[in-house]
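Each of the next two complexes has subunit A plus one more chain, namely subunit B in the first and subunit C in the second.
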Partner chain A sequence: MRQSAPVARAPAIPQLAARRLLGAVFRSYALRRVLKAALTIYLVATLTFFIVRLMPGNPVDVYIHTLISQYGFTYDDAANQAAALFAFNPNEPLLVQYWAYLRALARGDFGMSLVSPGTPVTSVIMTYLPWTLFSAGLGLLISFLLGIMLGMVMAYRREGVLDHLLTAVGSFFQSVPNYLVAIVIVVFFGVQLGWLPITEMRGAYSPGMQPGLNLAFISDALYHAALPILTYVLTTIGAWMLLMKSSTLSTLEEDYVTVARARGLRDGRIMRSYVGRNAVLPLFTQMAISAGFVVGGSVVIEKIFVYQGIGFILLDAINRRDYPVMQGIFLIITFAVVAANLLADLLYSRLDPRIRVSGGE
Partner chain B sequence: MAAWQRSSASNGTPAPVLSVRNLEVRYFTRAGTVQAVRDVSFDLHAGESIALIGESGCGKTTLGLALLRLLPKGARIVDGEIRYRRRNGQVIDVLQLDQEEIRRFRWQECAMVFQGALNALNPVLRVWDQMLDTARAHAALSRDEVRERSERLLRMVQLEPERVLNAYPHELSGGMRQRVMIAMSLLLDPQIIIYDEPTTALDILTQRAIIEVLRSLRDQLDFSMLFISHDLPLAAELADRVATMYAGKIIEVGDVREIFYNPRHPYTLGLIKAVPPIVGELYDISSIPGTPPNLIEPPSGCSFHPRCPYARERCAREVPPLYEVGSLHTSACHYWQEVKLERQVVETGD
Partner chain C sequence: MAQAARPGQLELAPPGLGQRLATAVKVFFRLLAHSKAGFLGFLGVLFFVVLALAGPIIVPDAGRPDMTKIYQPPSLEHPLGTDYEGRDVLKQMLRGGRAIIVVAVLAATLSTLISIAFGALAAYAGGWLDSLIMMLTDVVLTIPQFPLLVVLSAFVKLDRPWLLATLIALLSWPTLLRAVRAQVLSLKEREYVEAARALDLGTTRILFGEILPNMASYIVMSFTIGMTAAIYAQVALYFLGLAPLAGENWGIMLNLAWVRGAIFYKDSLMYILAPVLAISLLQLAMVTMSRSLEDVFNPRLRES
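The block that comes next holds the complex of A and B.
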């Protein structure tokens, strides 16, 4: 056993270099994160591919059979049609298909829509996704910023009237599902009381508006997005407030806050750089998860307000069994969740110097 | 500002920098009112170093925090006076300062280094930023001036300024962080620095190093020191005078040698006997029986009587005043004359 040791200890030069490179990759926090994210996306894409194809009665077979039985296609014609729509050839071996699928994905090619032939899935996504990002993203941002500010106020005035009031309101809205809030807005404020012109506020922007980066269009877009945004803010702000409150309370107990006071720092400085900055750190993980779900988590809300975002079109695709669109949207949702987590990790490492020093510490 | 001029002592001895009179601090808790500091009076003179000694929970840290009015929520100074003499001779009452005045008072006039060095610095800011923060909160110093001062002080506490200033707290060891805090405490040249168990939670060698640093700083710079500790021998190395605290009261004050060789309160005696000497004569090592008293309902009479081997019936009845037991040596014990440290020379074989 002992004799073999010297042999193992003398690696070839290129091997050593490779190992060193690998070591450098592993030590770099950012690089490790990016690799992890890429791996996750690859795995999900692979899984999507095999699940769709290997399921008994998979959408491709269903489509081919529909063509044969309803439209009198021959099997070959139907298979060709399906291949064009799903962007793959069902007669090729699975691995070849898989390779072609991956290459298409890498080019950003998700195939064609079944329901509106000739429309690439990519263009469907590109048309609707920006509106979801705009409304849900803005909703998340407003909710987060407002939530951490209110949470800090609650922590600083704990046991005060404002604290009790906000805690009650926050817990209430946190426990009400967002679609219920949306329905209440539509039914009560829109229909019963007639305070809101619900029909006029439908859609992503008013018909006849020219999309562009001008004030008129942006304010119109905001007008149409207002109700979804309001719903997102109302239903998520409670969680941010309560999280920030408890995080601030525990930060206020930290020695360095007492020491900062002993050092005679001004209250504003202590609140911002000593309490706030440390208290908000644990919320970033939560923020990352939420940011990922911005893309996919708005299906019902967009349906209720008839807001043409990605969730609206996903529901539409499910109803019409438009598999390529569904597959494309699911991949985009995965991508968003992974990318948001990656972004948050990198951001977190910028904000918390303790993370910056690689994983080891 | 409710400050008042006082004709400072005309009798030769300069007026003290800090003069605490009849200070009372209470914690208002659900279980009851905790009398954390009771009727505490002492004077701290310019350049002097007082060690405040006592068990955990005897109120010494509370006293330190009260001096800076940094008491946590639920605690209040209910009575007493804290008079502070500025460098220009003006005497102010710390308890009368408004929010902005007390903020300026902290660190610039009286700094405090806490126990638990590990978490005293903000983890997300570099040491340099925290130095700058501290300076900027008080004085209109330029970056260069702050830099120059910080570097000089860090060198005095045996740290490499370039490395430390650019470091985040987690990149420094516990001992280094405490040195940073010590350097920072001197940044604004305060007249008084309170060191609250600055060596607790550090290993024995680091403790030693910190004590050496403090000793050399005292030789080089001009500040008064209040050293809070439960470790009598350690405190004795730095202190000119020792004040023993028990159950929120100061029960014995005296010159460090007096206290060490001639303690006149059974509790101080107990503290001395609880620590084995490394060199010199060995006496009976013994711990003080019993536990520290409940400060919600402190024992009647002398608070120490339930644990005191000298206690008699009178002790439970009558609160002992601080008796004059020697020159500048006071003890709150009715039977101080009987209290004596018996030293036995241990026979060493040959």
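The block that comes next holds the complex of A and C.
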């Protein structure tokens, strides 16, 4: 009976040659993806440079004029100060500035904060980015895992009560903007019913807590991140459930599932090793989109829960017109999303060889 | 029509535009009747569109601030209570939908146009043009849209509806473009398109005469998705106070209710809840409608 099994497996004889060929294709696929990611980051960096420099009332000129008129700086001193803060010299031709800006970025130099002098933008980012990565990453992970489990259950029990209920709930939370869900959590559970100590839960961790890798600090951080995470999970889980359901349904009709059933394998094994593994594959492409959405939405969510992550600081920087911080944060958010995309693509192509053979379209 | 002059043309005239539209509308309703949820969604969307059109006509004036009536609970006179300066919340709700929907329609129109034009072009031209368009699409798709809007709001004063709509549209076309391209790619291989090609009808004629009309319902779907994205972005911008709080709309109400502390009073619960509910229902109606259209158009889903 062993002969009938390898339907889904690679043919055995030309394995070595095929693997070598696949390896080469995969390398070029990976290379293509990496190039695309680099191009995206380069384009976004260029875009932000020209937004900051060419927009009406650009911050560099405004800053120089403020220094001259309010603090009595000479033009040269003011220009030097601006050059230090914005990590480029406003007196040079635009292309030279652009080149210097790119080189500084490549070194990881985002300039200095305008509002809190002496603070490099990198240190602002390093202080707040981990909290967004922590809350958004955990939210995505929980939502993904829960979503694929529920999606499979829905596919196996389709047209059942649970299927209809979860479909309705999932579609509802998927359509409602995530910040409205956050507002309702604060208004109802925080204020009107008073079930959640909403003010106490603000911030990334309790004041007086020593950051460190101990149980007390981690549970405190989880406590403070709980509501943002809950919001991310509620608003993204619907997509995972529905996607997983339809993916499972189409996988269930594959020949290898029928064969596995005919071989008399136990249902649990078929569900895990045959259906689940294959059905989850198409969802990885969605992972990157979802990551971008959650990170983008974190700007509003962190504001609502007063959670000091990168989104919260981005708004803060915008309200204070702290351009270098704004620019640095936007670049780092883009970088994070691009990296997540790249990772998901590479992971997907690793898991599903069909992608790298057919060129990834 | 021009093809009458061609030699060997069949005697049968192609259906006229009016006839085609009538068929499209009929098909649209039949498809919606296919699923109850979809039809409810359609009714919901219709309700909000009527509200947007008629609201400011029914309530010509939102009323003056009255400091003696701040944060009043719902009553017969003020069914949803009053706001932080004593104005009627219901009146603001009735008037506040138009601005949101106008921007959403503008943004969705623009992004749908971009995605149809370039999606069809990419699918039809193929080759390097296709690769170029798709590469650009992938790049824009990866840029986190909302943070970019937030950053742009520091440089551009978003006080004009068309400006807000253009910025949103310029960031939200990639998903639609990919879907349009995939759709055109599959339509391109259908028999009737092959037949048109065999008749040498010309690319423009095939694209606009054969392919696009068959995507009508699909375009409605893309348009709705574009609108939901635009509503999400603009309400968030208003809520964060990044777009000027001038005029009346649900996003501004949300901002003021939040910032002026309405959430802390039991009496003014409806003040913050009303815009939340309205925006949620609008989004829900549109997503439900577009999803049922999608179900109907994706045979793989319909079978299950």
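Here are a few things to note about the model shown:
FYI, the second predicted complex is superposed on the first by the 319 of 361 C-alpha atoms of A that agree within 3 Å, B and C clash if a C-alpha of one lies under 4 Å from a C-alpha of the other, contacts with A are read in each partner's own complex, and residues count from 1 in each chain.
Assume contacts are C-beta pairs under 8 Å (C-beta built on N, C-alpha and C of every residue); 3 or more make two chains touch, one makes a residue touch a chain.
Predicted model, so just to flag it, every value in this text is computed and none were measured.
Bringing the complexes onto one copy of subunit A puts subunit B beside subunit C with no clash. Of the two partners subunit B and subunit C, it is C that touches the larger number of subunit A residues.
In the superposition on chain A, A:341 makes contact with subunit C only, not with subunit B. In the superposed pair of complexes, A:162 makes contact with neither subunit B nor subunit C. Of the two partner chains placed by the overlay, only subunit C lies in contact with A:318; subunit B stays clear of it. Of the two partner chains placed by superposition, A:17 touches none, neither subunit B nor subunit C. Of the two partner chains, neither subunit B nor subunit C is touched by A:145.
When the two complexes are overlaid on their common chain A, residue A:351 makes contact with subunit B while staying clear of subunit C.
In the superposed model, A:51 makes contact with subunit C only, not with subunit B.
In the superposed pair of complexes, A:258 makes contact with subunit B only, with no contact to subunit C. Between subunit B and subunit C the least C-alpha distance in the superposed model amounts to 11 Å.
Subunit C contributes residues 135, 138-139, 141-148, 150-156, 228, 231-232, 235-236, 239-240, 242, 254, 258, 263-264, 266, 269, 272-273, 276, 279-280, 283-284, 286-288, 291, 300-301, 304 to its touches with subunit A in the complex.
Residues 254-256, 258-266, 269, 273-274, 277-278, 281, 351-354, 357, 361 of subunit A are the ones touching subunit B in the complex. Every residue of subunit A that touches subunit C in the complex is listed here, in rising order: 36-37, 39-40, 43-44, 48, 51, 55-58, 158, 171-172, 174-177, 179-180, 183-184, 186-187, 191-192, 246, 249-250, 288-289, 292, 295-297, 299-300, 303, 311, 314-315, 318, 321, 323, 326-327, 329-330, 333-334, 337-338, 341. Residue ranges on subunit B touching subunit A, taken from their complex, read 68, 70, 103-108, 111-112, 114, 116, 119-125, 133-134, 137-138, 168, 170-171, 181, 184.
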